[in-house]
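Each remark here refers to the structure printed beneath this line.
Chain naming follows the written order as A, B, C, D, E and F, and within any one chain the residues start at number 1.
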Amino acid sequence: MKYGARNHIIGKVTEIKKGTLMCQINLQIPADSLMSSVMTLDSMHEMDIRPGDSVRVVVKAVNVLLVKE
Amino acid sequence: MKYGARNHIIGKVTEIKKGTLMCQINLQIPADSLMSSVMTLDSMHEMDIRPGDSVRVVVKAVNVLLVKE
Amino acid sequence: MKYGARNHIIGKVTEIKKGTLMCQINLQIPADSLMSSVMTLDSMHEMDIRPGDSVRVVVKAVNVLLVKE
Amino acid sequence: MKYGARNHIIGKVTEIKKGTLMCQINLQIPADSLMSSVMTLDSMHEMDIRPGDSVRVVVKAVNVLLVKE
Amino acid sequence: MKYGARNHIIGKVTEIKKGTLMCQINLQIPADSLMSSVMTLDSMHEMDIRPGDSVRVVVKAVNVLLVKE
Amino acid sequence: MKYGARNHIIGKVTEIKKGTLMCQINLQIPADSLMSSVMTLDSMHEMDIRPGDSVRVVVKAVNVLLVKE
């Protein structure tokens, strides 16, 4: 598997919060950092994603914003 | 500083690759993971971002794609 | 605060519409123009955002679409 | 013309900066605010966009990030 | 109508799924392929979009991810 | 392979246009439709993508804009 994206790490699903149309998947990535993804419930069902699953977390570099605080 | 985004971690700039209009900022985040951001050179100059700088890396959850391999 | 994004203006929160997972924040920007942002309820709570608040409205230039009508 | 996006205002093209593949279009929107869009040169040519043109500036609400400074 | 985006095809609305804040519009594009868009209910009402409508489906090239399986 | 995105079709690479930092990949999808993706040259090299390759074209539904002309 090769991705046309600069950011693609492995994460572990820790929690799934379901809305009426969308859901929010919380993940643990290395060093105990946390990430979240929002997708449709349709995609969630199609992926058959569950807490404990290992998934690839992919973000295109153009969608990464840097802020100098 | 509070962000309207689920993903916002601190990263350290390791490399800046300049194109003619855009640039690519490579970063190190905890656990020696790597991330990249692409922005305009105008934004890079406005931020005055340099290798070694600590920056906030922000990604909205809707722009995070999960893949089950 | 310096942002790696070409578009970053100050807006005033006029309305918050809550869904079950996401919320929609309506804003007034200069010249009585209106903008909207959609984020997770989690982010909304973390930001403790309320009507009347001044916030920075940030959009990366790659996410701006132009149309010639 | 009706857009499936919460943010769609009229802007006037003030400057076009060309890279080798992409270009950056700078715009003036009401109240002398400035915005920028990045697109491919291919799209720029297809639109036949030039300084002085009036264009619709469209941003989906999910791509709008709010920050409380 | 000219779009500052590389991807803009005509689709036909086949289904609208409403959430509390957002909705999901399913579409049929040429060759019986299917696509989906998620937008706010506010935008859906403003567009007055209904099953059977023909609409332009627009995606900026930077938001298209390629994967080599 | 299962994707957390509503839009994921197979395309065939027809052309690769290289800039100094980014590249544009043009693709043919079913029914002779065309699509394009923009990514970094780094991702292009990592994918080892070439004209004639079959790739998965993935777009999250939140990044699909509908327009009623």
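In this text, contacts are C-beta pairs under 8 Å (C-beta built on N, C-alpha and C of every residue); 3 or more make two chains touch, one makes a residue touch a chain.
Note that the structure is predicted; figures quoted are calculated from it, not measured.
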Point to revise | Equivalent of C-E within the choices C-D, A-E or A-F, defined by over half of its residue contact pairs recurring | key: A-E
Point to revise | Comparison of A-F and E-F by number of C-beta pairs in contact, larger one | key: E-F
Review point. What is the distance, in whole Å, between the centres of chain A and chain B, each centre taken as the mean of its C-alpha atoms?
Key: 17
Check your understanding: Counting in whole Å, what is the centre-to-centre distance of chain C and chain F, each centre being its mean C-alpha position?
Key -> 29
Point to revise | Centre-of-Cα separation between chain C and chain B, whole angstrom | key: 20
Point to revise | Euclidean distance of C-alpha centroids - chain B vs chain D, Å | key: 22
Exercise for review: Spell out, as numbers or ranges, the residues of chain D touching 2 or more other chains.
Suggested key: 1-6, 19-20, 22, 24-25, 36-40, 42, 47-49, 55, 58, 60-63, 65-69
Point to revise | Touching residues (chain side chain B, partner chain A) in the complex | key: 1, 3, 6-7, 9, 11, 24-25, 27, 29-31, 33, 35-39, 47-49, 53, 55-69
Review point. Residues of chain D touching chain B in their complex?
Key: 17-20, 22-24, 36, 38, 62-63, 65-69
**Study point:** In the complex, chain B residues that touch chain D
**Key:** 1-5, 19-22, 40, 42, 58, 60, 62-63
Point to revise | Touching residues on chain C, where the partner in the complex is chain B | key: 1-6, 25, 37-40, 42-44, 46-49, 55, 60-62
